[in-house]
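What follows is a pair of complexes built around chain A, which joins chain B in one and chain C in the other.
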Partner chain A sequence: MRPKLAVLARHLVLAGFSAAIALPLLWVLRVSLTDKLTAYKLPPEIGQIGLHNYAEVLTQYDFGKWFGNSVAVAVAATLVSLPAAAMMAYASARYRTGGWPLLLGVLASQMIPPIVLVLPMFLVFMTLLPVPGLVAITIAHVAVNLPFMAWIMVSFFDADTRSLEEAARSDGASRWQAFRMITVPVAMPGIIAAGLLGFIMSWNEFLYALILGDHGSQTLAVGLASMETHAGVNIAPLAAATLLALAPVLVLLPFLQKYLIKGLSLGALK
Partner chain B sequence: MASIELNSVSRIYGSGASAVHAVKGIDLKIEDGEFMIFLGPSGCGKSTTLRMIAGLEPVSGGDLLIDGARVNDVDPAERDLAIVFQNYALYPHMTVRANMAFGLKLRGLPRSEIDTRIADVARVLSVEPLLNRRPAQLSGGQRQRVALGRALVREPRAFLLDEPLSNLDAKLRSVMRTELVKLHRKLGTTMVHVTHDQVEAMTMGTRICIMRGGEIVQVGRPQEVYRNPADTFVAGFLATPPMNLFPGRLEARGDSLVLVAEGAEIPVPAATAPGWGGHAGREVIIGLRPEHLAEAPEGPAPAALQLSVETVEALGPETILNLRLGRNGPEIAARLPADGDWEAGQPVTLHADTARLHLFDPATTRSIPRGAAHAL
Partner chain C sequence: MTAATPMEMRDRRFGWMLTAPGLALLAAVVLFPILWAGTTSFFDYTLIMPGYDNFAGFGNYAKAAGDGEFLHAAWITVLFVLAVVSIQFAIGLLVALMLNDTERGKGVYYLILLCPLLINPVVVGLMWRMILHPTLGIVNWLLSTVGIEPVNWLGAPDMAFWTVVLVDIWHQVSFMVVLLLAGLSSLPAEPYEAARVDGASALQRFWHITLPMMKPVIAITLLIRMIFAIKTYDIIYIMTRGGPGTATDLISYFIYRRAFVSLDLGEACAMAAMLLIVIAGMTALLWRTMRTAQDD
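Right after this comes the complex of A and B.
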């Protein structure tokens, strides 16, 4: 039957894509459970599996500190940038502040490779803003993520919430009351989605954390990289550490998806 | 309770070459307790005017007065007017009860007072069973009622309604028309109702303000506007089918006036229209309402017209005939009782009530008044 065949074909294509994405992760999982020698064997072997690499990461390295630093930076950066980004998005959506050039500029700034900005950023923090590593990294993440988070939220503050706000204004609410009591709750899925995205971007960020941090302020991304020494790559514990670093993101992703979709379908609520 | 006065109020969107002059300096006084209708085609500036009154749109020029006080720069929250939007704009994250309570809480009313008012209004609008639902769980008609209820509990100085019925189906719309009129009679609060539906305009308002292209064309009581349309736009807009408008010529023949149109000559006793004498010999636009054509002579000065039937629309209680005047004349509509039996192609003689004929100046499209003796 034709329709069934079409469905099958579609699933085959999707399965192919999924495999392409999942394969490296599965490879890392395999490596993390074996030892260094088995890890490099081709064709791949499963060999003796166990959790010894995880134990090694947690005991022989500063994994706990890296994790703590990453949490601190990502949480702080998100908490600082989210309200500011929400207000920026609101201004852009409601009052056309900056107009389309601002929105385009924000988008364009996302296309600049981070490496271009790293040196100026480094100089700024060296000369103008000599703050401790974690604070510097947090500020850098706020600066980089805020415009993008605002850009994502603009559409959530568009037409639908506008007439709700007008209703609230006629009902006797001040601009601020209308924003706080009507617009923010209605746009909340979008705000949460932007916050989760900001958190994940900050969590994964490597370059600024590397340049602006010192030994005490290594985040996970930097710490993982440091496991690659000139003495060689300790591949099996690195794989274990990578998966541990990935865990929080994997936990957050379903929520991100849920709120993004919820936010995008806000229009249907009218 | 409030009177609303607009003195050369205008609204210009944008600036420079792309500026849109949405409202072009209109004058209007809405009396306290009046039910005023803003009627006009889409884009004529009705919503903009209403939104300026509500304070949601800045006034670009002129003065806006509520109860005699200039409110151009008064915040919408301070105007104490309630607006009902076409899309209802119910707060989606709140229950129906919370939607209604929102404005009252902001005003710091005591809980007991809020509960009483909501209970009263919910009973009047029959939305009591819905109070704990969210807007997403309501039908269109229920949302409309809740939006109305949210305005009613406020007991505002005036209600501003922007096409509140246009998203309802025909049956519900006619029910709500009646309910709104009843509500207005009961409350006596000023209401301004925007619509592009001429049935709403004719049946609901104490006065109609007809707008076109950002200007007011005519203001008056519904029957007044129906009887004496100020120009061809109003004549062609009000009622369905609207007034037949076709070109002709006014000629003086002895003591009598004759309207000569393609396919017909219509005598008009000069005494019934002293104001028209001065226009003899000129081109005019003739206006004849479909309901002023009849099979039997009717009115003080009937004139027979030879027509042929083009299409028949049997509506039940009445029949609309689309007819050709003479052999190649203009197409005109007639509204007749349903008991006739007509077929396409059939010739018919209908009598026009010439005492109810209208003439318009083709250059200005304005009505040419009949003058003092105009009898209806």
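Right after this comes the complex of A and C.
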């Protein structure tokens, strides 16, 4: 009898916890599907269900532009960071290049609060290096992505491929060829996961985009934040917009589940 | 130390060749800005009178250290970090322990709890503002159905602080669950079997086996979460702008205001430098903990 009770108690706790996580999201989904007036009605009414709020967000706001800017920045920052981070991580794992000081430097880089880096970056882009907003944001996102990716990829390049590399080397391949032809393909799933995690970090980043961007370079995060003031408390389109912003990330979730622990724990846990 | 063979020399050169692009990028986007901020912190640099004409020495640091608002922001940040990290840890450990003992439905629970972690903090802030709206929000209506007076979630200073804590817990508690669960599931089974033979109760097993073996994981998880909690900015910007008054004026938001509302970049850089020193200390602690955990 007692073990059964314990199982029941566990499921009660877990279900309660899951509900606390999921219900707010479901409520926003519900608001996004109602018409504007019903959205405010309490007690909640079912009313008309439809996708008109999504249509409104896409046609009457700059949503498409924000989305495009976010994609551009996140893709560019990832494409710049990923190869550099992968090579760095590999050199550190296989050749111990830079030893522990390099690793500590990489760890410390990703711990720096954005507010610390954004002040000097703002000054540099204002005076020394006046670049378009999207470029400035991309550069800032490299500062976020590169150390994060390098750090988690160090553990991807552990001993797994060493014997394969040595075989290729004794067949006459150069170090670079062994890395490029053997190690990278084997480690590719991990490299792609690191890239996707970096993409998501860039996608979700707000402070750099807010301060280093200009009107034409608003990313989704900045655009959504401005939408509230524009729309007053027009919650139905806002709900639709927030869910549209979430969609790409939630789509990636199942693919990333395996690598998420490593990413979140900064490689400290498997 | 023996002399390096030609082979080792070439290995070493190749390693640095691979590392060079990453190091160059890091120098440009991390090291260079930090040095620039450090320099600016020693000058009277405002956005009204930009320029490095007036050397201020440690003037900006002294001004910040004597600035009641800055100290208040630092204090609020300490309270915020302690509140969110301790509550998230308590909930996270409970949920992780339950999940670790669960087979059926584990995948579903896990997938649900992963969701908040990937959500843009701006979206989290906007979402909760909607839900917690004093007159139009669903939460106050639900409370009214059980006879509870409407709560002014973001309008009253004390309440606003706890509301922001609550929202951060919703957003980040899964971080604790995921990491602690990963730690729990990699614990060896033998000590538990021995304890069962000795007739130890569940509480005894938790206290004498689980907790001691989980110590490194717990330390790493707490440190990472603390460092990230100190950086909290987005939900403050979206939900309260530091208010009402200065009730939720966390340090990152305060420095942002000093730089871009008061336009005093020099002082803001000095405050940022102080914040960086605190973060550096915690990172060093994290590094040491990770190292010891690896060696064990």
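Note that the second predicted complex is superposed on the first by the 223 of 270 C-alpha atoms of A that agree within 3 Å, B and C clash if a C-alpha of one lies under 4 Å from a C-alpha of the other, contacts with A are read in each partner's own complex, and residues count from 1 in each chain.
Simple rule for what comes next: a residue touches a chain if its C-beta (ideal position, glycine included) is under 8 Å from a C-beta of that chain, and two chains touch if they have at least 3 such contacts.
Please read all numbers here as calculations on a predicted model, not as lab measurements.
A.B. asks: Thinking of the overlay built on chain A, is A:L107 touched by chain B (first), by chain C (second), by both, or by neither?
C.D. replies: In the superposed model, A:L107 contacts chain C only, not chain B.
A.B. asks: Counting only touches as set out at the top, which of chain B and chain C does A:L29 meet: first, second, both, neither?
C.D. replies: Once the two structures are laid over each other on A, A:L29 reaches no partner at all.
A.B. asks: In the superposed arrangement, does A:Q177 touch chain B (first), chain C (second), both or neither?
C.D. replies: first
A.B. asks: If you stack the two complexes on chain A, which partner ends up touching A:L164: first (chain B), second (chain C), both, or neither?
C.D. replies: Only chain B is touched by A:L164; chain C is not.
A.B. asks: Quick one: chain B or chain C, who's touching more of chain A?
C.D. replies: The larger set of chain A residues in touch belongs to C.
A.B. asks: Could you say whether A:A85 touches chain B, chain C, both of them, or neither, answering first, second, both or neither?
C.D. replies: second
A.B. asks: Following superposition on chain A, which residues of chain A contact chain B and also contact chain C?
C.D. replies: 269-270
A.B. asks: Help me check something: in the complex, which residues belonging to chain C touch chain A?
C.D. replies: By the definition above, chain C touches chain A via 10-12, 14-16, 18-19, 21-23, 25-26, 29-30, 32-34, 36-37, 40, 50, 91, 94-95, 98-99, 101-102, 105, 108-123, 126-131, 133, 136, 138, 141, 145, 170, 174-175, 178-179, 182-183, 186, 217, 220-221, 224, 227, 230-231, 233-234, 237-238, 251-252, 255-256, 259-260, 265, 268-269, 272-273, 275-276, 279-280, 282-283, 286-287, 290, 293.
A.B. asks: Could you list, by residue number, the parts of chain A that touch chain B in their complex?
C.D. replies: Result: residues 163-164, 166-174, 177, 181-182, 185-186, 188, 269-270 of chain A touch chain B.
A.B. asks: For the complex, give me every residue of chain A touching chain C.
C.D. replies: Its residues touching chain C are 7, 10-11, 13-14, 17-18, 20-22, 24-25, 27-28, 31, 40, 42-44, 80-81, 83-85, 87-88, 90-92, 94-98, 102, 104-109, 111-117, 119-124, 126-127, 139-140, 142-143, 146-147, 150, 175-176, 179, 200, 203-204, 206-207, 210-211, 220-221, 224-225, 228, 233, 235, 238-239, 242, 245-246, 249-250, 252-254, 257, 260-261, 264-266, 268-270.
A.B. asks: Inside the complex, what are the residues of chain B that reach chain A?
C.D. replies: Contacts found on chain B: 54-56, 75-77, 79-83, 85, 87-93, 102-103, 106-107, 135-136, 150, 154.
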